[in-house]
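You will see two complexes here that share subunit A, one where it goes with subunit B and one where it goes with subunit C.
Moving on, here comes the complex of A and B:
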């Protein structure tokens, strides 16, 4: 019976290895796990138990971060199923999507100069969120099919989600700049 | 959860006595200590009935004076009277001189990364000055409580970076205190207000102290405190009100910008007094001595003071906006605003904060004591007097941790506001054939260039097995513990070789320096160094054995086979034998050996408890 520091994140949370997750249930499980592993529970224990607790609590935190966000959860799940991601080679996405990305990027860059920047900003963010939700829904369907072709398509959608995620982050950075000047 | 507690009644062979613990607010302007007595957390006064200990240390050729007496001497003896050194904790010389060009202290850059100040009693660092303050508080607590403290919780601003936290912990070590936890000040304030009693909610803690400002957004759910965002300014505080007011007073008095330190100090004292009077009155009579011996007398209205103070208050609101944004919240989402720190007594601050959040801030508990009271409550839980099942404090890392990459750019490895503890691994490779060493520079901050972030430490990896360029895969793991302190380990993955790491803290003390200061201070206090080391190891041994006993009673049967149990019993017997001896190193070795023998057992217990708890969760679900 070995220590199970290497268990996968779904198992750590005692959840089936699946994309669909009840966020409230996940949060509840996270709290239970933190309550058991947080180093504060071992404040008057020996050094070794405290070290172990730090490691375990860190693992619980990492697992929660990965599982709670659809993008990282989908990617993690695909990796568990043997799909490899390679940052260098995986950039080829279909031309249509890339055109859309460029267009969105230009729209984002034009916001600060617009007459009503916050209004433009909100419209763009709504559009980004909508695209993201659609990608997410499709990934959820594909990941339930459990075939290689479905996994391949899911991977290509996860790559698109990564593009969208980056764009959302840039949009948030722009929001900070907008709010600071208004 | 019971099996993780070591003081469960009826499970232990010996009845547990109440363990002495305290919470310490090590503040920029004032410090204080609080403890839970008869179930009530209260600040402990000194023999004169004073709770607040001014964070001022005066060094004389033949000794050290701490507190009010030291502060009174600040004007006449500015070089030897060290005030507000919390601002210097974990900071480098350039940083200090750039941020605080007006301090009267004579800084010396020594061999150490930590700047030292020249005094009549020799050179001292901010860590040692803080240790003097902690020693006084420790003595006060031990005298009041009637015994030795088993552990303390020390509070730090939520925004403190790794170097500042480490410096605080080093100061506690020097003062002979065992730190149960470095607790963020706003989290402590939330605990003091009993906000853990609420079912759910979002609270803003506005902490405006003497030298620092913090705003933290805490989310509470079923007793769990989660810091969802924190922002602030480690160089903005009530001292800045005083400084602006002092500048104004000296301008009115017509004294030159070059005024000598004593005169500047007197203007500052007058400014502080005026500020306090203006919290309840609309104007105050002020007087400032000039250098020629004449005295300027005048009047200061609250309106004038507020004009001077308004830009500073405005700066705090910028941080409030940023914290809300980081948390993804609107002002309306905040259910309560808690005021902490002496500067929140200023009516302008209360008004502006109330206006900003659209609700009256909570001010029921003395804003100077609220943090220490919360720390005392948490210390009582951590030391094992009270079950902490209902109270868990989850904190986040306040500033991103990153690595220096090519061209002086920063690659973030742990973004700010990540819940701690956290561990992240990063793979590196060699770029030359046969390369056996490499250097990693860790920085903390949000900017893209290394030069704009705070340098934390440089790690040298050695003993990398020689291979062709690019073949080695060195996995470096960065771990931040619950106190927000970073540690780094490294391993070459293809061979499994453990690379050794030499740490050079950018602004911190090395372990050797702390050890040296500790033995110096004990020699100075004519303490018996050997006896103290022995005592410390004995206490640790007792702690370890007691925890093991409880663990074996709970899970020994279920989780260990006969051979494993025998090995643990043998190691425990050796520790008991060593404890009765006089050799602290032998005890330490026996503790390490017992720890090694029980590692697997401890890991199994933790996994077991997790499985049991989640299984229970599932049953609940289908009820």
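Moving on, here comes the complex of A and C:
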């Protein structure tokens, strides 16, 4: 394999620059790349070659983490296409969506006091997963259109996915707390 | 990163947590969110006939700094006119709470929330005036 670092993560995995990815195929490519860059293979190599291999291995790991999750993959792809994300200033999300987020947060917070907390929890998580899948499917469609307006809409949906992702994290934290007490 | 005493105070004893009727013509509701950290903030104001903010409530799901920023803001806007409330800058909130640079966006969120609440209130009033003159 070439010792230079790849220009982007898709290229590194020898994949087309596209949102739709076969997760199993990606995992298999990751396993192969990991083997090729493993430090043991460079035990007797020169300093420079070994250093490059370490860099490459780090890039492979980072790339896999970004590509395997739909949210980070969509964001990364948009950034490759010139769409900028500004964590400090991207606050404009439609009020209706935020209202729903607030309700979901309230519903999540009310679960521990419910009569059947685990049932309520499962119902809410199913709802979150369903919303996330719908957002993901729409992003996939938009990213195939390759127009500026589609990219702008995809960015707004990625921002929504970030809220849903946070909710899912909060839900997982609650699940652990529930399982501890029941 | 350590929180300042003021942030901890607002986080442990948040002022004015609650909900107002968002369909009340005298209530303005501001909903904002920070996608980077998934925080959501709702800030509501009750405006009197004289245009002064009589009461303010908030509900924030987020980190300590976001909760403290919105809690402090509800204290500050009570008794102010809408124009006075619009003059509050996120830098004043950040300074009062001694927020570190990585948490400045929490104060931005609070400033955006009060602006959105005032805008919502004014929109409702505008609709009412239109209905009257129609």
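Everything below uses one rule, namely that the second predicted complex is superposed on the first by the 170 of 182 C-alpha atoms of A that agree within 3 Å, B and C clash if a C-alpha of one lies under 4 Å from a C-alpha of the other, contacts with A are read in each partner's own complex, and residues count from 1 in each chain.
As a working rule, a contact is a pair of C-beta atoms (placed from the backbone, for glycine too) under 8 Å apart; a residue touches a chain by one contact, two chains touch by 3 or more.
Quick caveat, the model's predicted, so the values are computed rather than measured.
Asks: Does subunit B (first) or subunit C (second) touch A:77, or do both, or does neither?
Replies: After superposing on A, A:77 lies clear of both subunit B and subunit C.
Asks: Is A:165 contacted by the first partner subunit B, the second partner subunit C, both or neither?
Replies: second
Asks: Have a look and say if subunit B or subunit C is in touch with more residues of subunit A.
Replies: Answer, by number of touched residues of subunit A: B.
Asks: Taking the superposition on A as described, I'd like to know which of subunit B and subunit C A:124 touches: first, second, both or neither.
Replies: After superposing on A, A:124 lies clear of both subunit B and subunit C.
Asks: In the overlaid three-chain picture, which partner chain does A:143 touch, first (subunit B) or second (subunit C), both, or neither?
Replies: neither
Asks: Once chain A of both complexes is superposed, is A:45 in touch with subunit B (first), subunit C (second), both, or neither?
Replies: first
Asks: Does the superposition put A:157 against subunit B (first), subunit C (second), both, or neither?
Replies: A:157 sits against neither subunit B nor subunit C.
Asks: Would you check which partner chain A:132 touches, where first means subunit B only, second means subunit C only, and both and neither mean what they say?
Replies: neither
Asks: Considering only the contact definition stated at the top, list the common interface residues of subunit A for subunit B and subunit C.
Replies: none
Asks: Would you pull the subunit C residues touching subunit A in the complex into a rising list?
Replies: By the definition above, subunit C touches subunit A via 31-40, 42, 59, 61, 104-105, 108-109, 112, 116.
Asks: Can you check the complex and tell me which residues of subunit A touch subunit C?
Replies: 87-91, 93, 95, 98-99, 101-102, 105-106, 159-160, 162-163, 165-167, 169
Asks: Using the touch definition from the top, list the residues of subunit A that touch subunit B in their complex.
Replies: Touching subunit B: residues 1, 3-5, 12-14, 25, 28-29, 31-49, 52-59, 61-62, 64-65, 175-176, 179 of subunit A.
Asks: Which residues of subunit B touch subunit A in their complex?
Replies: Of all residues in subunit B, those touching subunit A are 1, 4, 6, 19, 150-151, 180-181, 221-222, 224, 321-322, 325, 381-384, 388-389, 392-394, 418-424, 479-482, 540, 543-544, 547-548, 559, 591, 595-596, 598-600, 602-604, 606-607, 609-611, 613-615, 617-618, 621.
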